[in-house]
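Let me give you the structure first, and then I'll get to my questions.
As written, the chain order gives the labels A, B, C and D, with residue 1 at the start of each chain.
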Amino acid sequence: MTLLRLQEVSKAFGGVRALRGVSFDLRPGEIHALVGENGAGKSTLVRILTGAVKADSGTIEIEGRRVERADPVVMRGLGVAPIYQQPALLPDLTVAENIAMGLERGGPWRRVDWRSRRERARQLLARVGAAVDVDALAHGLRMAEQQLVEIARALGADARILLMDEPTAALTDREATRLFELIRDLRAHRVGVVYISHRLEEVAALADRVSVLRDGELVATRDMAQVDRRELIRLMVGREIQAIFPKRAVPIGDVVLAAEGLACRSSGIRGVSFQVRAGEILGFAGLVGAGRTELARVLFGLTPADEGVIRLRGAAVRVAAPAEAVRLGVAYLPEDRRRHGVIGEMSIAANTTLAALRAITRAGFLDFAAEREIATTYLQRFAIKAPSIDAAVATLSGGNQQKVALARWLATRPSVLVLDEPTQGVDVGAKAEIHGLIVDLAAQGLAILLVSSELPEILGMSDRVVVMRAGTVAGVLDRAVATQERIMTLALGHAESVPA
Amino acid sequence: MSVAATHRRELSVGAAYGALLVALALFAPAFYQRANLRDVLVGAAPVLVAAVGMTLVILARQIDISIGSQFAICAVVAGTLAKAGLAMPIAAAGALATGAALGALNGVLVAGFGLPAIVVTLATMVGLRETLRWVTEGVWVRDLPPGFQWMGLGQDAGRFAIPGLALLVWALVAWGMRHLAGGRAVYATGSNAEVARLTGVRPRRVVFGVFVAMGALTGLAALLSAIQFIDVQTNSGVGFELRVIAAVVVGGTSIAGGRGSLVGSLLGVLLLATAGPALTFLGSQAYWDRALQGLIILVAVAADAFGSATRLKARP
Amino acid sequence: MSYERGLALCLVLEIALFSIIGWNFFTPGNAGEIVRASAEIGLLALALTPVIVTGGIDLSVGSLLGLCAVVLGVAWRDAGWPLPAAAAAAIVAGVAGGGLNALLVARLGIPPLIVTLGTYSLFRGLAEGVTAGVKNYSDFPASFLFLGQGGVGAVPSQLLVLVAAAVGFWLMVHRMAAGRTLRAIGFSPDGARYAGVSVNRRLGAVYLLSGMCAGVAALLYVARLGQAKADAGTGFELMAITAVILGGTSIFGGRGSVGGTLLGLATLGVLQNGLRLADLPAELAGVVTAALLLAALGANRVFQGRDGT
Amino acid sequence: MRNAALLALLLGAVACRGTGEHGKTIAMMPKNKGNPYFASCRTGAEEAAKELKVRLLWDGPTETDPAKQNEVVEAWITRGVDAIAVSVENKEAISTVLRKARARGIKVLTWDADTEPDARDYFVNQATPRGIAETLAGHAARLLGGKGSFAVITASLTAANQNEWLRQLRLVLAERYPDIKLVDVRPSDDDRKRAFEETQTLLKVHPEVKVVMAIASPAVPGAAEAVKQSGRTDVRVTGLGLPNDARPYLKDGVLDSAVLWNTKDLGYLTVQAANALAMGTLKPGVSSLTAGRLGAVKVEGDQVILGTPFTFTKDNVDQFNF
């Protein structure tokens, strides 16, 4: 008897067909992994299953019964509990209330029992192993803590169907391991888990079956035992991947950017020193919360440094605001592409030139011809798939949006390019293209700082790797000696054995 | 986080109110005559009732600047029904129902059609006010039955009942916002409507509900104000919305939604209701009143901004 | 059919209607009167367009106009300054008022609705305080009055100021880099800041500009009425905001056009004047304006598809 | 008089414009349409318009707004009317437009509140500010027994009429009643509730005040109700107010006297004068004007005098209904 069955489910968002006739089933007591490139339709599928979005056609059956009106309340009633990639918490409410809001049902006149709410929250958080104050407001929590609160809420719903969309993206390995134990425990209690992740090693360790989504179609469902990593990638991408990382030896110039004893009390950065040369790709590895993004924000002037010196080609500079950083030739491709990387409502042309307005302004007036020329060159050079440079960036796929964001910073002719998770949430195909672009830029003499949580990407792309821990530099490894184990050892800061 | 941290705003407006009371005690003790305190409370009652509704609206990340016009219409309805010989409870119910209906009009346009609240209520403010003027042509509702003033309870009972009823309504809604699921749904909707939807709250229904509640409470405020007199003027409530919004904002409710409390709004109402007469008691000339009221709003809001790095909320 | 073309059509229909039912409506003289009557609100609406494009709002422009009018009177009559100096003082007062708004909104990050709600009362209160509510200033020299009451034939002298302001704001919002950054701030303040736009400086600038325009509008108002008093400009902010929203600018920021604001202003100006010439009650203007506003909101949502240029 | 549906209105406007004119077209403007004072003036004006078969246009700003008054007059000039009668909010502001109207051959009258003398033909004067100040001072002196202090509740701080009356009042006090002190002037913005709140505070801030003088029509019931509720039997109210507003409080005794003029007659006389002016029967040198049911009305120079201010008391208030 299947716990959950989808039959020929389709969904389109204004012309873009996110799901095409997907059929999928989940058995009780099974972990069914769902993999696929970003934009393949995974998140759309989850949002249909949680009732956040209505399918255009197709049927959903839970325990054999067809679900007519699938909205969040109905699906929750049927035992479906979601854990979203972006933690869905109410920032102004306490942790206890956030958990309770997901679990309680009933009309607006129902009395709220604060004591039992806080007690239940405490128990669930303990079960998930999160040291979080139940009275704390959600907006004060770190990303990892928010993720754990969401997981606690899902457990609390004693759900029979658990939908997990990239649950470990923000977790430390220790927290991830704890989560895996919980999931296996739930499987033992006949709960069905749909597990979505980019990290194929997790999928291999956890899942009983795996289904592959490509361009909105479910192309294959296999028992985990019968399929290996390479075939999975082939199924996901639909073509053979040659060299994973197009790394090329590139002539290294002299020091472009040097940091000496950088500190920023508000963001926890202390005593950071490093150098990066022209043509060099300096990787920044470290666990979540090690301060890599915070360091990038210091370099870019979003949170100026309290102490220490930044030298550009030897001359000490004060980067007090992003506008100054841009003038000094420092560019920053931010981690949160949707909110910071691009402005969705504006056109590709406007986004491309936003950071380099000076270049297309004559006596204060915009030179539209120059703007179109810049936008068109990057449209072609980066092979950005879009109807025209006047299309709103929001209508593009994740990968193309990231290319527009990259084009924006190249338009400013930077000498230093800080990339923060440049390929996160981008499909495998676009990922390879972006890696290619990065290497080309290094070849042109740019100094590149590459912040990434994917160790393969760090190892594959960096000339040297700076490993950060708790806001400072734990160590610097040359490309030749850098291995996953060494990086993790420095990142964890003690000789704890690296998890299998 | 300790209670002080979460209720920092309410404490700061409470401190400001305390400072004003101390100043009055030192420089104008006459302020503390029993009659004056009573008059201030009776005068503040309608503003408090409307402020309760406005707190809900702002908590749900919306705004309503049409309550001044609704106030005038509800008062005229109450007077007209009473003049037509209907018993006072029916006239009172008529005022509240009219308010609720006008609130529902805003609710349908904002929640139903998803139009921005500031512009919808700007339109209903102008539209309702001018329609009332066109229909009544400025003629007051006169020759009301004796039972109209003080709802027939007589002056002393009336002047106790009005602030009493206002405080009762305030207490009930304050309790509800803390202890009823509907109240928490308003906080959730204002904090992040999309996430609230995923946890089973129906944001559109909540937004519609707060506008209807705002309308009904404005109807009650109009009633509590009208029954203090023997006739009903037709151009009442001009500027009423700004006074109510100022009180709620000074009380610490954030315009970005999701954050704030009815305790803060009560303190905001009391602070602004006291500031008016206090200025007279402290001898300030009438023509400086408006400047000082504006200053109080700016100082209260600036103090808050200095106090905490206000969290930039992303738009939904 | 873009939103603006729809609004232009609606304006033409309105003019046609009043030409039929209004007395001597369709005459150059009357057109001049419409421009003269909407000049001050037009200036405020033009200044409010960039403010609203950044996602902000300014409720204090009407009160600030009153304060600047009083400053003009005090400087000229009481302090005995020559009129040009007094006029400059009025504009500086406007910039100072705009500066206060800018400081609180841009530097302290307080929501503009609340800041300008406070300065709405503060500026009007200062105007009433300075004149003890009673004093008013008149008998301005004919040369100054010409600015408000004079003209060449049917063309009122205010038209020159309004056209200059309209061209200036149109260039700024639609053709200059400043306009592009204001749009970016309106669509996403964070997105703009991460792109190296100095958000605080730009926000400050639009509120300063709004204050300056309130000062200039005060000069037009006093010249038109020949008289400066604390109640000058009462209610002008709501009319100006209505014109901007009618023009298609989104209250959430990002999408907006100066051309649209001018069309919105004309629609309101024609409505007020036309109703009067058709012997219809003035209250009808309020009712029709409310209906137009709601229709504009509805139509705006339909045309939301176009990307922001 | 309730307006018909919107469509009927539009058709009405088109129809009557088309059928040509029988009597003159007289355009009359109050200071603000929301004020019951002007609402009662209008009834008199419409009565006269019916009698004289003239077309009466009643328009004006909804709130007191000098800029709007100018715009309405401009519109009337463009529209073309025979006579314009304005209750002036702002003396200097409106004078330019009224001169322009006269230059176009339109007869111009002011009523209730005057403008610069050269900007209009006649001023229908219900009572001179001096006359009003003397009457009010007289009542205050009577109530205070020649000595003591009183306070005033005015309209808005910027209201031209009220400020003129106050200026005259201070002159009269200085000349005739040196022992009477005016302690404070509070605004009511023509809002009865605001007048009520200001009076309440006033009584406590200045306990020595024994008379409250409300010099704006909505302020009279506001101040009277405040005194009644305060229970201060030693305090009496007087001022400028409509009989209908004043009646319950006059009967109560808290309101001693309400000084005013017959607003209905004022409206009636204004239309009569405007029509006479347009027909040419009212021209310089005339010393009296037969104005319908009012009979012969005195004309002094360029002022048509309605009569001296009238004091309503609890005994005579029932004879009036406006």
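Assume contacts are C-beta pairs under 8 Å (C-beta built on N, C-alpha and C of every residue); 3 or more make two chains touch, one makes a residue touch a chain.
Quantities reported herein were computed from a predicted structural model and do not represent experimental measurements.
No other pair of chains has as many C-beta pairs in contact as B-C.
As a whole-number value, the distance joining the C-alpha centres of chain A and chain C reads 45 Å. Centre-to-centre spacing of chain B and chain C amounts to 29 Å, using the average Cα coordinate of each chain. Centroids built from CA atoms put chain D at 34 Å from chain B.
Among the residues of chain B, those in touch with two or more other chains are 130, 133-134, 286-287, 314. In chain A, the positions touching at least two other chains are 339.
In chain C, the residues touching two or more other chains are 128, 132-133, 190, 281, 283-284, 286.
Across the whole structure, chains are in contact as follows: A-B, A-C, B-C, B-D, C-D. For chain B in complex with chain A, the touching residues are 1, 6, 178-182, 184-185, 187-188, 190-192, 195-201, 209, 257-259, 311, 313-314. Contact residues on chain A toward chain B in their complex (touch as defined above): 50, 52, 72-73, 76, 82, 84, 88-93, 97, 101-102, 104-112, 114, 133, 135-137, 139-140, 339. Only residues 28, 30-31, 33, 35-36, 39, 43, 130, 133-135, 137-140, 142, 155, 159, 225, 228-231, 233-236, 238, 276-277, 280-281, 286-287 of chain B touch chain D when the two sit together in their complex. Here chain D touches chain C in the complex through residues 3, 6, 9-10, 13-14, 17, 33, 57, 59-67, 70-72, 74-76, 78-80, 90, 92-93, 95-96, 156-158, 163, 187, going by the rule given at the top. Against chain C, in their complex, chain A makes its touches with residues 302, 321-323, 325-326, 332, 334, 339-347, 350, 354-355, 357-358, 360-361, 364-366, 390-392, 408, 412.
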